[in-house]
Each structure stands twice: as structure tokens, then as C-alpha cells.
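The block underneath contains the structure these notes are about, expressed in C-alpha cells.
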């Protein structure tokens, strides 16, 4: 007779990108050992009756601010927030101090965050020096993140230092990333355009309060046409270099970006993927006016985002988590161009996404694809993660489609201590977050210990 | 303690359209009860060590000739041939005597074939009378097959009688099929074009031997431009009616058809699918010259077919099985326009497809998608079939990628007693065919009994 | 010193598709002898001060009903009506009794109409017998007109007899027309579709009055989807045959036709042209309700027509002239499916087109292109006609953009004795129609004699 | 009786983009007074028997180096060279010392070149300061030329100073140009890309001789992918700004540029034009190897250029004239990255273009369109120039299609004293260049006086 399983999830409905079915899941040694059941002997049982069992949700765009800016967030608080919302895997960005752009700093970051993570994670290597890409890749970078940007007022030194504005260097990063077989994930921009126009029409005119900023966003100044122009050049270079390009911030960029990605992907057959920022679908004008500098984007034209999902232009969905403290951003009510910009999203991602399912804008099949399978495939972690399948890691986000949430500052686990979505409500939320067979969240409470989350290296480190 | 499983498949590698993984499969009551293992207690065990476990392969284009033409084939011999090759599910066509175009004849056919099938099957309803479509759908037709054609010399009365040449009736069939939510699967044609041109340039000039016929095929006369013109009109009507159109014989038609399907599907967003006839990729000129009237198509331009797979124009792959006896076709060496046209494919489908995998033209992921998941989804049988997933029917095609086959007449189970592929070799073949947990084929031998195969009704009968 | 010119047109503004300029025009021997001036000696002078001098306007879609139906119209009355409106060149259709489908009947028609024409003209050869195309072409047919249609109730025997429904024959006509280098101009249809659906949903339900007919038109029954489906097949065959296809009745067909022509022309690079029926832009619902059976089309979705002009899908513009007597159509108020369908347009074409210029929907440059240069180029008569250029025929339509017209039955010169546009007004009209240097119309009055108009053979007769 | 004409051109064949016809042309007061003839009284007669009379050919891409670099070329020598070849109108570029980027310098240049021009001309305003664009436009700039580039080794200070690399400024130049209704003509680039890659793979490796340079050109380094990436961003900004963008150096850029222009123009409907550099079609590898640093481009893939003409991607054709002295470029044999790059084309343009007509690659209709009508229309000078039409300037290039030319240094009128095409032969050449009725070239000899050529202001100065 078999020894007992470590965990059995029973009575739930399992969801894949194309199907849903009733089955129990048995876990042993952190992996899915069996699907089917009933499975009798188990050290732990989760009753998922009436619940939906999704593959563990990926959040691929978090800034956990470590090292260097841990007064805003650190890997413990950030991963706790993500876990609390139902996320089981995240990919952390690179604008730290120091930035993980060399082997030494990447290894330091790996060591530093290892004891803190509540959920599994991967780390981008910082794309700044073409010659360090190989070492970063072999040390386990999941991809190479490139900030093809610089803040218009240099108020984020930790972004501007990372800015790769020289397209020669950008291209060499593409070559080096291609040689490692990784994805180059790019925040595109043409910051001189943005800077010149924004100063001319807003800042120099004294129009710098939060509402002026948000108007400039809706008009294509901040995070606007400059990003699309940067994308235009980058798509061409990526095609010449033959690198796999991953386009960040779809939805944030004006819709011309969607057409560019569509043209490259479907007309020209280029190997390009894109992630859609859900904030630009969910953040209402009312909420934007309420929170002002606590968000950097809002949904002034959400229909383009929904269409990007429908047409396959968007390969995955995210809710960017780029936290700052209240002290950081509060002055933004008066001068938003001089404060660091961001928003919270780690804890709110899953409930807001499920709320959209309840509103009929998404299906749980799409959630399983756009927030689990596709990112796992793009980053080469599939089918180790991203799917409910025997042998895969036992990562699950179990959700109750009737669960009600109101976002409140007091519930926030992020060190930033606020939520950009305060006061908004979501129907649908996670009841369990399970990572490699261990429950790390139950009913919104983080129950695991920091350090449980495991570093997941990219493909170049595994060859 | 659980009772023993009915069947356990152990030590194999499971394939899906996107992943492969090692796991055992436990079956109870004909369904997949569990995936994972090891599963101890089982009435039967299959050791799949070194083998690949695919979802049961669908063959969606067979003519088992029953009722009416059982001297060529019947459901027992046909389904045995399919089973022998590794097929576990088939969809039978409608050019019978009588044709299953009315409820009475459809029910007669259902009753007649039920005791004979070795594998599970579905039956097309014959699309001839718009008013009978509802009854056919409710009686379980998997879709409505429409012969928008007529043989140029009327030598197939059983096709010509079914010919829907009047586009008004065709359109009404589309309306009726749309109302039932089924797929209209159409053999498109414009037979008057074909007839006029073929007579003019071949038959009337005395150029009617097998090689002349095959030249006329390569030039777009037989199964040529007329089919594409018929498709052109049909795509438009299907769009107006809002029916789901399934295009048969992609690959047989000149490549203009591929562009039409692409334009409708991707530029116009029409709900259209297409099945690619692999014969036009695999049948070499040498083989065609050898077998002459024992094939009606050959691969004079196979690159268009491979491209249709690569670009998503083809949704599934088939190897048409349309058998005739040697007596039927042997006179075709001298006058191929006067004999019934067809070829064999039920038994050869899986090995020829796997041979293409070994040659690097296909992957097993694509096989799982194009010959299992996609047809199951299109016909609404997914995820009951078409996938290896708990709760799904325990249908498997287990293959040995190193298995060698030479096609020989003496191995043929079809009543037609010959193979169009005689003398050709394939590397890769099925070792087990399992239908709802029961092994129906082992090492090319049919081991099940006729009548085991079960009728699978379409979606309209299940609502 | 030069001898006097036959005619000088002075003080006007000359229009081309790309430019307008002030210059006088001198004519000698029917051709433009000089442009510039002032030209002193002239037998006749036309003062075009304040007027616009256009190249002589082509009307390429007239049914002058001769021979066989001269109680509706004949070449004298028809060409007089066209001349009165400002047209200087017309192309006559082929549904006569007998039809000009053989050399004998084509020559008979040529001889019969020669003494009657007020303006220059060309004659389509009737495309019915592939073997007669060569003779028709060499006898001077401007193109081959093919009725790929049949009237649903056979009430036009003279159309149904001409119907080429067999696509094999259609294709052979394309081959024969291609060999002659002519254009195949096709009224596409799939009349069985139209017949079946129209009977089912209108006629058999007793919904056969004029308003029901016009509803059926707007819904795509009459002159609807069947035409587009016919076009779909024809475009494919024309591409295979390599014939130059000219698509008739754009605008009458539902807008799917526009996309098909666009795709063939611009995506696939096929040699295809199309003429846009302006009636579907100009005939208001109010006018349609007023005249009922005196029009067969109306502008239920005119924006598609304007877009066809803007995007280059339409190569020329027409206002079909297909007259019937009041006795013919008056019963149509009660049963419009049983009367011959048509409308008047020869006399109204120019003023309605100029009215659109005054409304800002067209420019005179476009008029010069779409109603003169392009048809002349397509039919191979350019630069003999279609342009104001030295050496070209001295054909001019001189217009006063301020001229006011109200269409009245009493002004009609057509034997049909009515106008479909009765009561409507147009701003902008022709003051002079000049053909080969001779004024045939002045201020709406025909001043020339029948028989002056000259037969213009197509390219195959001129080689 | 009329007074005599100033000039009559008789017995020739006149060519337009769509037609050719026999007619004489009478000129009075510099304009075409009449077309037709025979015209008796004339002060001067040109017998064009056997010759083709084209609209005066435009050369829209000349660098006449004045002011500042007149040791290479000046307006007298440059315009004489152009005149000698058959050009009657040219547009001069802006990389001078000082550059015509301010009203003061633009007026200085106007004054300086006025006494020197042999043919009519227009001057680009130098796009560098958004605030000066209005003044330049009102002073008569034909368009705004923008160097979105900088030489990789700064060896052209007069280019690098003009470089608008900041996309914010580029965009503001687009806004200002749009407000004036002019065309922004842009040499696109992304010079940092070019610099980095070229240094890395060529210069730093000591691969800097002429053949290495030309290899780097064929590989997309020099004048390569950087230009296309610059174009990508610029097309987007131009669309946002709503400016009319004119793309320079099509053909020089790798073919990805052609697809970008096609997509913008035909898929997105953007107002963009492009000029094709014929050097990349005509300069053979053999000639390139022979002249080395005397050319900066060569035709390594000419088929893309021909296709750009055929598909309408190219709106006009040029043969860039960017002369340097032999002393300037001779060191380039050893280090071509350190010498100024250019080639000669003013004098060779017409014969090389006509040679292509004789070879069947172009028609004289296309020459009339691509080298006369289209540039005149794009720059708003049509129909004053660009067409043979009454009222237009009497500019003609009369050509003998049988005339033979061998390009020899000793025939060169350019101060640069050499031709990049030395030793090559052309069949077809100009016999007369006539500007506003005055013959400025006869049989390759310049017969007019400097200063005759007249400044042609752009549209903003004429409103």
C-alpha cells in the first residue's frame, strides 16, 4: 500500500485553458502526484467543495524593491502581499540599489531575498551591460529586463541608472539575450520625447498637480507616445537580432502599440509576446481622482485592452505592483511629476481579475491561460509550473467566485501600507494559495513562513 | 481502501498539445479515474515503458460504406482497420444507400452499425433536406455533412444523389445547422465547372487513363479549381448565415483555398475550421504512379499543406479513408474518370503521421492537438474525449516511435483488401489502442469485439 | 496662316483627374487640335465663361433595348436622353431580342443602331457561347457582358436566356475573352439562392408589393447575397483564367462585395475593376417610397459606396439606365416580383453626379477620372477618348455648377416616359454636350441629329 | 492675328503619366500657351522629330554645397551639371555652412544662389529649431529637411550639427511643419546604433577600407538597420502629429523600410510619401569595386527597389547628388569610414533612368510620373510644374531614346570633377532641357546663363 500523500485537495473543480473538470489532487514531495481520487491517506486535506482550483497564479511584474529601497517594500512584505491575494509565483524587477546587472549583484540579490520569499519566484537579470548577460543567464535570470527609459525628472535614480537609451547597447543586449535563449522584456520608451513635451505643455506651464498628470497620461504624454515610438524601433531591432521580445506595459501605452505588436506578431511572424496591464482596464476615473498620486495609470480607454485579449495581441495579464510609501507619493497631489510613480497590485491582482470574470469580461479558462500557462511557457518554466498536471509543481490558487472583498488600507501587507484600489470592491477571491504542496495563504491570511518560496532559475541555468 | 482500478497504464510518457510528462494512468468505468501513481491494485496493467501515451487519435473522415455498399467496406471491417492502425474514434460519412438524411434512415444506420464498431464513433447527418436537420441533430448527428458536389460521370450515384448544388438549399442547410449549434462540414465543389473542363481537355480527347487523371488533378481539374470556387461562395454564405463552417479537403484543393480560409478566419474573424488531407503531403509521385487508380490524390505540392499547419489555417489533420474494391478501381488504369475514386487511410493514418514526426515535419504535441484535441473541441466532444484528463474517456493511442511498418496488402483489415500505400514504410506506430479503458488493439492486432465501440451523439442531442 | 478651326471653346476651365486650368480649346476634324489660345479663326465658338469643361462623360451601363424591346426604349430615344443630360459616350448592354451573342446578331445590332445614335457609343458583345467570343471581339465588341444570372420569376426572358449559370461555360467565356484581351464585365449572381430565399420569405408569404420588394433588397435578398456569392466564385475563376474582370453593380451588392474586390485587387494583385452604381448612394428612402416599382435599388447604406470611391475599390461610377414603360412596372405596386425591374439614369446621371460635387461628396477631378478617364482606360479607348488632350476626340461635357434641375416626367426623352427621380432636384448640370467637335446638346436640348453618334470598336477589332 | 510665340516645339511625342500623343507645343512668356499646332509664327523653333517630349525632369535630392563647401560644388556648377543631364528643376538640401535653419541664413542662401542657377529650383528649409520653421516656410522653403542623423565619426560637421536626434525636437519640428502645411522630408537614422555596431565589427577590427565599408553597407550596418529603426519611430510620431512625412533614402535602407512605408501608407492610411534612390538599383558590384569611395551605396538587392516602384511604395525616384572632391574621398580606399560619403548623380540621373526604360524596367509614363508629376504634386507646385499642360511652366526634357552616353570624368560639370559612374554606358539621353521656354541645354551642352534659374517658393509662402 502507498504511503500517505502530503496533501489532498478534494471536491474542487479544476480549470485549464480549455477545460474544467471535477477531480481531486494528491500531492507528494511538492509535486502533483496524482489527479483523480478519491485519495484516502493524506497528511493534510483541503476541502475545495464549491471552489475552483486554478493553476497557481503568476504575477510577472512586481517590484519588491530589494535591495536598496526596502523602506517601500521588501521581498518578505511584497511576497506576503502577493500570497495574501492568491498569487503563487512572481517575477521581480531589477530597479534596485545595486541593480542586479552583474553576476556579483545578481548573486547578492539571490542570497538576500532567499530567506524572505513566501512564494516561489524568479528574478530578472538587469539588462545594462551586454557582456554580463551570459553570466546573469547562467546564474538563473528568468529573462533580461531592460529599461529603455529614464524618468523625466530623474526622480527615480534607480530607474534612470538602468536606462538603456543607446540603441546600439539595446541591440547588443538583444544579441546577448538571444544567444542565451532568454526573453528580453522591455519597458520601451523614448524619454527625450516624453521629457520635452511634458515639460513644455505641463510642467513649464505649472500644470503639475495629480489631475494634470493624469490628463497628460490620457493624452499620451506620460507613459504615452514616446513608449510606442520606442517600441517601434525595438520591434525592428529585435527582428534583426532574432531575439524573443517580450513587450511590457501593453495597455499603458496608447493603442498604436497594440497595432504594432499585432503587425509584428501576425503579419510578419515575429517572435514577440506582450503583457497587458490590467490597471488600465480596471482603474476608473472616479478611483483615479480619489487616489491621485497613488496610481500612475488609469483606464481612460479600456476597450483597447479587452480587444488585445480577444485578438491574441496580449499574451498575459498583470496588475503591476510598483509600491512607494505614502510619504513618497503624497506630495504628488501638488506636483506629481516630481514624485516616484507607481501603484499597488500584488495583493489586488487576483480579486480584481476574478471580479472581471464575474462581470463576464474574462473566463476562468482565460485566467488559467493568461496568468499561468502562457507566462510559464514564455519563460520556459512550463510544464514545471503553469499547469495542473502530474509531475508539475503543486501550485494552486483556489478561488471562491462568490467571495467579496473591499480593498482597505488596513488589510495591506505591502510595506507601502496603502492600496491604490482603496474602497473598490471585488467579487471573487482566493481562499487558498498553495505552493509546492504547502498552503501559504488561507482566506487572505498568509500562513507560511518567509523563506519557503523558492528561486526558479531561467532556462539558461538549467541546460 | 479503494477497490482496484480496471486498468493501469504505467511507465509511459503522456502527451498533450503543449506538454509531455511521465505519469501512470488509472482507469475505472471507462473513464480516466486518476493520473499519477503508482497505482497498485488494477485488474489489468499496460506497461508503456519507452512508449508515448497520446490521447486517443481521432480519424474524422472515414467512409465505412454502410449501409448499401458493404461489399467495399462495412462498419466492422472499417473500424477494425482503423483500430489496427491506432485510431480510437472515427466519424463516418454519409454517402450510403440509403443516405442518413432523414430521421428514419439515420436511426436505421445507427442501429445497423451499433453491433459492428470496434472503436467509438460518431455519425454525420446527411445534409440534403433543410427540414430534416433538426431531427438528425436531435438524434445525435455529430455535424451535418454536405456534399456540395456531384461526380462528373455520375459513377457514384451515392454521391450524386446527395449533391446539394442549389445554393439556396445549401444556405437553408446552413441556417438549420446554425439553429442546432452544429458544424456544417462541406465537401465544396462546383461540379459543372469540373465536368465541363475535364471532359473538354481530358475525357473528350481520350486522355482518360490513370496518369492522365493524376495530371488533371495536379493541374486543378479533378478536385481542383471548382472546389475552391465552391468554397468561395460557401464561405460567404456561411458568414451571412452565421453557421460554423468546417471545410473538408484542404490540401486536396489547390492552394488558393488555403488563402481563402486564412482570409475568412484571420482577417474577417469568421468561425471556420478546416481539415487537412495528409494524403496530399505523403503520397509521392512514385507511389502514385505505382498505385494509379488506388489513390485519387497525391502530393504534387506538399509545401502548401505544411504551411497550412504552421500558420493555423489547418485545424486538424486526416488521412481520408474512402475504400473501393480492387474490382471497382482496377479498370481505372485505362479509364480512371469512370471508376469510383478513393483511397485507403484508416489503418495507415497513425503510422504515416508518426513517420512525419520522425522526419521532423510534425511534433507529437501537434499530433495531440490536430488529431485529438481540436477535432474533439470543434465537434463539442471535448473534454469528454480528445484529452488525457481525469474524467475524460479513457481513450489512448500508445505509440512506439521506433516501430517499423511496411504497408502490405495482406495486412489490410479493410474489406477493400488493399492499401493505397503498399510498399511504403513508416517509422513510428501504435502498440495499443484503448477505448474507454478497454484495449481494442495490441501490436497491430485487433483484440476487441465488434459492437464494443459506442455511438457518440453530437451536442444537439445532449442538451 | 492656318485655316479656321471648326470649333473653339473659349474662356472655360478645363478639368483633368489631377488638375484644372484655364485654356481655350480648338477643334478640327473632330479632334482636339490645340489647347491654349486665344484661337481666332473658327467656324463656331462656344463661350464657356464661368463654366467647367470636363472630358466628355461616359455612361457605361445603359440598356437601350434595341433590338427587340423598342417599346421601352430605342437607341434614338435612349441616346437622346443621355445626350440631354450631358453624356457623350455610352456602352450598351446586351439583353435584347435577339441578343448580340453571335456575329450575325452583333452585326445586325450594329447596323440597326448606327442611324439612331446621338452620341458615340460602344456595344458589349453578349457572352453566352465561348466559341463566338472571338468573332464578337473582332467585330468590335468593347467587352464581353455576361449575365451570370436569371430572373427569379423568369419575367425577363431576355435576361434569363442570356444567363450563364454553368460556371464551366463562364470559365470558358473568361478564357476566350482573355485570349482577345478584352474585359469580361459580369452581372454576378447565384440566382437559385435568390429565388429560393425570396420565394420562401416574401413571395410565398404574399409579401410581394413594392415596399416588401424594397425591404427584401435592403435585407440582401433581391440583388443581394446571391450576387456576392456569385462574385466570390467568379473572382477566383477570373484569377485562374487570367482574364481582366470588370465587376458590375458594386453598391447594389451588399458591402461584403466591396471587401472581396478590395482583397482581390489590393491583397492578391488581381486585375479586376468595378463600377459603382450611384443609385444606391442617391436614391433616398423617401424617393423610393414615392416611386416604388420605378426603381429597383435605393440607398439604404450609402456610406459603403462613398468609401468604395475613397479607397479605390470603385474604378468608375454609373447611374444605371434600365428603362421600362409605366405599363410594364405600374403593376409592381402590388406585385413587384412579377414586373421587370429597372430605373432611369441616362438623363439624370450628370446632374445627380454634379449635385454630389456641390454637396462636397465628390470633386470634379473625381468626375473626370471616374466617369471619363478610367472607363476609357479600362476599355482601351484611352487616350482617344476620356481626356482633354491634343489628338483626342473632341468630346466635352461643359457644365454650370450653379444650374438647377428638377426632374420631371415631361422633360424625359427616354421612350419610357418617366424618371425614377421625379421631383428630386439637382444643383449642377451640363450646358453643352459636344461629341467629336459637334454640339449635340445645348442647355438640355438635344440639337444634333440621330446617326451622328459613331460606333467605337473595342481593342480586338483595332489590332 | 496673334503675335508670334516665343518658342514652338514641333514634331515630338508628348508623354504624360498615362498617355503619349503627337502634338506641337507653343510657349509664350515662359508658360505653355498652346498645345496642338501647327503653330506658325515663333521666335524659336525646336524640331523634336523622333524625340520624346517629357515634362521637365525634377531632381529632388541635390547637395549643391552652398554656402560653405563650394570647393566641392556650388549652385552654378551643380545646376549646370543637372542641366547638362536634362534636369530642369531641382531641390537643394541644407547641410551647408551656415545651414539655412534660420530666416537670416535661409534668406542669405536664397540671395547667394539666385545669380548662379541654370535651372529652376527650390530650397529646403533646415529643420533644426521648431521655432524657426514658420519663418522658413513663409520665406519660401519647399519643405523642411531634417537630418535625423549624425555621422559616426563626425567627419561631416555640417551634417552632425544639423542632426536632430532628440525625438522631442523632431516631434516639435513635425508639429511646426504640419502647421505650415509643408512636407517634412527626413533622412532617418538611429546613429548611435550605427556607430556602436560599425565600430565594433569594422572600425575597431581594422576593417575600414572601401570594400569593408561596402560590405558593411550590404550587411545593414552603414546606412542600414539604424535608418529603418529611426523610420519606425518617426512614422509613429508623424502619424500622431498629423504631419505629411516624406521618407528619404528608400532603397538605401534595408527592405524592412519598404514594408514599414507600405504598412503606414496602405494599411493605416497615413499621409506618407517616399523617394527611391536609384543608385541602389543601378550601381553594380563591379562598378562599386571600381570606384570604391566614390559611391556610398550600391545595388546589392535591387529587386526590392523595383518592387517598391511596382507596388506604389515609392512615390518618386532620384539619383542622389552628394559630391565631394577627389581629395576628399581618395583616402577612403584605405579608410572609408573617415571620409565624407557621397556620390554624383545630377548629370547622370536622366540618362541612367532612360537606360532603365530601354532595358524594360521603367516606362516613360513612369518617368513622367515619378520624376515630374508626383514630386510636383507632393511639394505643391503642381500643376504649375510637373505636367505638360496649358498654363504650366514651359519646362521640358526632350529625350532621344537612342542616344548613347559613356560617363567620363572629362565631361563632368560638377566641381567635384568626377563621376561615380565612370565607364558605365547608358542608352537614352536628353537632347534639350528647356526651362520656362528657354533652352538651357542642347545635346549635353549647357547653353543658358547662370542666374536664369528661378527660386520656386513652397506653398506656405504663396498663401
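Going in written order, the chains are labelled A, B, C and D, and every chain counts its residues from 1.
Throughout what follows, a residue touches a chain if its C-beta (ideal position, glycine included) is under 8 Å from a C-beta of that chain, and two chains touch if they have at least 3 such contacts.
Remember, it's a predicted structure, so these values are computed and weren't measured experimentally.
S.K.: Kindly list the shared contact partners of subunit A and subunit D, in label order.
M.R.: none
S.K.: When subunit C touches subunit D, do the two copies use mostly the same residue numbers, with over half shared, or different ones?
M.R.: Because over half of the interface numbers appear in both copies, subunit D and subunit C meet with the same residues.
S.K.: If you average the Cα atoms of subunit B and of subunit C to get two centres, how far apart are those centres in Å?
M.R.: Averaging C-alpha atoms per chain gives centres 51 Å apart.
S.K.: Centroid from C-alpha atoms only, then distance subunit B to subunit D, rounded to Å. What do you get?
M.R.: 62
S.K.: Where the CA atoms of subunit C average out and where those of subunit D average out, how many Å apart are those spots?
M.R.: Each chain's C-alpha centroid was found; their separation is 43 Å.
S.K.: Quick check on subunit B: which residues sit in contact with 2+ other chains?
M.R.: There are none in subunit B.
S.K.: Quick one: in the complex, what on subunit D touches subunit A?
M.R.: Checking each residue of subunit D against subunit A gives 166-172, 190, 192-197, 200, 220, 225-226, 228-230, 232-233, 235-237, 239-240, 256, 259-260, 263, 267-268.
S.K.: Which stretch or stretches of subunit C touch subunit D in the complex?
M.R.: Interface residues on subunit C, with respect to subunit D: 1-2, 14, 16, 18-19, 21-23, 26, 32-38, 40, 266, 373, 377, 382-383, 387, 389-392.
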